[in-house]
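Across the two complexes that follow, subunit A remains constant while its partner is subunit B and subsequently subunit C.
So, the complex of A and B:
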């Protein structure tokens, strides 16, 4: 195990992580899930991707996109493009900044004009000279006459009780579930690490206050707390509220863990040695204590993603989660539960997808934990 | 003596509850000139490390309390120094070699990386940082320095860790090096090598050294002056030769007698008789 000469923390992380086959598989599966979710309208839709009729070519799928989908599908690649071109662009920082600002503003103005288009035509049945349909030729909300039929070529994962295509619903539901799992954990991690670090580093009254606060937070059954907050916020369809609420109620475990790690590491002399070399509080926390406590933090964070996805499904089940039209995986499973005796596919496919996602996160978490600690031998 | 590099006056540090304090350091005063080597000797728990840490206010408060004293370094008062100035003082002006090498290095960074950070922070003018790191490691006798840069602390022996710590402290080119038992984990040959190195650096750069040790051999070889600490107080101080030849305080006498001398037959090692002191 010969490390390249004076490699940095992130280089070592990447090197060791990429040797862990399981973690790497999990990582790419998660990326794949996010890409599929982002491209859901192009994969499951009853609008054709390309349609040629009456000598005219059209792209009906584009007209079925919501304004928010346009913003996402334009802005994410735009950000990637700017990042990829950052070197040539910012060789002259002023000119680069100006170009980027103009492009971004023009694009945002253009996006503001995108109208929601309620197109109820169905390209599956509409005649055309040529048409290229998405892989799954059904929209998630579209009912077919065949309710509760099992998997077939027409409906890859079967249909639900109102004849909606389960595969299409899983794909579109991925957006809700993945976003909630990821964003809420980023929030929980940020809050938990901040509070835990403050308590574990400054101790004394800071620790006292934060610990009492954590205990108060933990006194409330979190589901109840979430229900109250969502109830009060009167924006039940707002995904951001749900993410924030799950994140802001789920940080206490992380905070305790970080605090404990900081207290443990504070007993060793390297933080003091760092101070003796002129490091300030922030530097000791960020460069010395945090990197040394990252392993367990990452593992709990990935478990947190799983529990956030599950928590969202409990909320949906109680009618407080994301409401239709966008079903989350949790919704699909709780809807399917009623028919489980004879329509196994309603629960099976969303369940498998959820299981694979959650396991991928856990593999990534464990891979990162092994990668951050140089004392652990990588396989 | 010209204006001292460091002047400590009536330093008092306590631990524990305010109504029943442990006076770890009690009214300690001493001064050091630039380029001077001062040895601090004393038994375990006599307050040597606490005094050393207090020089740049490194003791965490609590548990420690600075109850009295003034510390002047190059004419500036350390006790009331604002934090940014204090950070600039640490490492660059006063560098430490700690007593416990094994837990003084950050476990998750390579040693090359850690030395690099020290150099980049305190000597931004250095161009060839890598060459400087290798030189620093070479200097403390780590062989194949260039290939060991990528090692993590746990891959080194205790003695090598200590040498890395020393390399890191020296890489900052401080005016005062506080060495808290810098050679306890090292074997005798390396110990000699390190002390020779310190001596050489001292003569070249006019670096002052505060050497904390139990080893009277080192004291007599190395120190210009000695301070003897006993239960938080300085009980004796003076030029090395004088203190060693004519120890005034009974505790110093006992301490010197406890050191076995080569070529001298002795049935049993002497043990300090505390009843006779005070």
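So, the complex of A and C:
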């Protein structure tokens, strides 16, 4: 294949990556999972999306949204919009900055006033002239009288021991599981990049100390460490604690990698040129060295997300998982295992969804690694 | 080379200290300790205890001393291989660990050997057929296995082959049958092996991905090198080029991967021993965490970390011993 001469680093990565069918499939599956998770209240809810009754049109699904969901559903598209309009907006940087700041502040203030409705009406049974129900007409916490019923048109993935719809719970649980994977890796990445950059840039005793610290951390099996921290801490096992603990025990690989990249790149002439031009340490690290080691960092982060989701499921199994109303996939599987003899759907469906997600991350990681690693290129 | 090994050995000392310090801080700073005392004084609705008992508890946990002294005391004890006593049954921690470590070591060891035996040939096969269907199939299967949580695999295996729902080939749990003490030597050993099959499988399949991927990359790197072209040019058969020239060089880095697998395997034993109710270290530490048995947790965590450190050390030393190209002055 002839590579275009003027392609950038990221273009080259994208081209090599998209040659790998498995990695590409994995990538789109992950995007799909995130979209489904974000839209969960519109896909699995006992509130109708559109309802016409007594000549009035209403959108009951909006009443079921929590304030945090409003924040998410408005802020993410807003960020996308600002990014898409960045060129016309920032043609005049001052005016653009002002517009963006005003819009963002106004929206956040408006969002701060959103209150939960606590609306418990059930549109599935409420009569109406016309109603458009979500694909799964059940809310994740809603109990139906049919407990432990197998998959049917009414309950696509069956119901659990208290009659809750498994499909709805999987969809809403996606948020917890995906968030844990993503956020814990952001934390791990932050810590790992910081330590790795410090060690690789300043070398000498800084490197010595940080390397010892990395080695100490690597001697502890992370599951053991996490169990001890969560098991001994008295706090309610909330999502933040679990994310933080997974992140804070899983950064050593990234740190090693960044250190290695910095050591390698530090010997080249471009960081020295930047320094000679008067750039400070922080600028050299952030603007010159870090962008050049981004590829390998991305690879470890992708694999890290997969292992974080796995770790969280192990924690759920051992009874140290989340105690939140919306459970993670791991929680669903652990709950279902008591009935595995006759209610296979309780473990099967969440299990398959989790498996596909973790595999997708792994294939994306594998594809990225092949794309990044120059030694493995086919000549 | 001797200097290198000596220097490597010296670097172990700060790491050893780091391990003990981190273990100590972890247990000492865990908010649960303070809460335990509070809970027992009745503030959280628990049973109020007399001032005397409270004082004893504080003393037992070493909370009456300032952290530095407490750490120092613990270190001195450690140096004498005294890990303290269990707060639950007041037996020495070391005795409890000694009773259980054999089972965990044999579990981890068998899993490690088994995963090498499977993963290395698989990785080589993938490298030799790089980009072809075999390569893609292998990578698909090993990642599929890697993505299955251990406990799910264990549940499914138990459901299918143990206990009698479908097949009743293997025992569901325990390290031995109830009547094992009356068995003769070989019968006992066979009984133990049957009990270990499922746990070892559950520990093994997850490591296949990393070891086989590592083998594949290592093999690919060697395959791209010039000396192979020379070997082919000399007229060696493809078979000899691969197996006597390439493989030897590719295997060097793989020999040392076992150390990287150790932490994951030790973590895995916690889950596997919990599911199959095997009386090993993993079960011990899990029960101790639930009971907040401080000194047992500290003992198991420290020993696990030491074992892993020893693994890394072995790997590093092995690496220079195996590879004659590495020379140190």
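Quick notes
Rule of thumb we're sticking to: the second predicted complex is superposed on the first by the 284 of 379 C-alpha atoms of A that agree within 3 Å, B and C clash if a C-alpha of one lies under 4 Å from a C-alpha of the other, contacts with A are read in each partner's own complex, and residues count from 1 in each chain.
By definition in this document, a contact is a pair of C-beta atoms (placed from the backbone, for glycine too) under 8 Å apart; a residue touches a chain by one contact, two chains touch by 3 or more.
What you see is a predicted model, and the numbers here were worked out from it, not measured in a lab.
Touch criterion met: A:359 reaches subunit C, while subunit B stays clear of it. Once chain A of one complex is fitted onto chain A of the other, the partner contacts of A:278 are limited to subunit B, with no touch recorded for subunit C.
In the superposed model, C is the one of subunit B and subunit C that contacts more residues of subunit A.
Contacts of A:87 after superposition: neither subunit B nor subunit C is touched.
After overlaying the two complexes on the shared chain, residue contacts for A:270 are found with subunit B alone; subunit C is out of touch. Residue contacts after overlaying the shared chain place A:372 against subunit B, while subunit C stays out of touching range. Using the contact criterion defined above for the overlaid structures, shared-chain residue A:9 touches subunit B, although it does not reach subunit C.
Touch criterion met: A:204 reaches subunit B, while subunit C stays clear of it. Within the superposed three-chain model, A:288 lies in touch with subunit B and out of touch with subunit C [touch as defined at top]. Comparing the two interfaces of subunit A, the one with subunit B and the one with subunit C have residues 375 in common. Residue ranges of subunit C in contact with subunit A, taken from their complex: 11, 14-15, 18-19, 22, 26-27, 30-33, 35, 131, 136, 139-140, 143-144, 146-152, 155, 159, 165, 209, 213, 217, 220-221, 224, 262-264, 266-268, 270-271, 274, 285-286, 289-290, 292, 297, 300-301, 304-306, 308-309, 312. Subunit A makes touch with subunit C in their complex at residues 22, 212-213, 215-225, 227-229, 231-235, 306, 310, 313-314, 317-318, 330, 333-334, 337, 340-341, 347, 351, 354-355, 358-359, 362-363, 366, 375-376, 378. Partner subunit A is touched in their complex by these residues of subunit B: 53, 56, 58, 60, 62, 83, 87-92, 95-96, 98, 100, 103-110, 112-113, 116-118, 121-122, 130, 133, 146-147, 149-152, 154, 165, 168, 172.
Subunit A meets subunit B in the complex at residues 2-9, 12, 204, 268-270, 272-280, 287-288, 291-292, 372-375.
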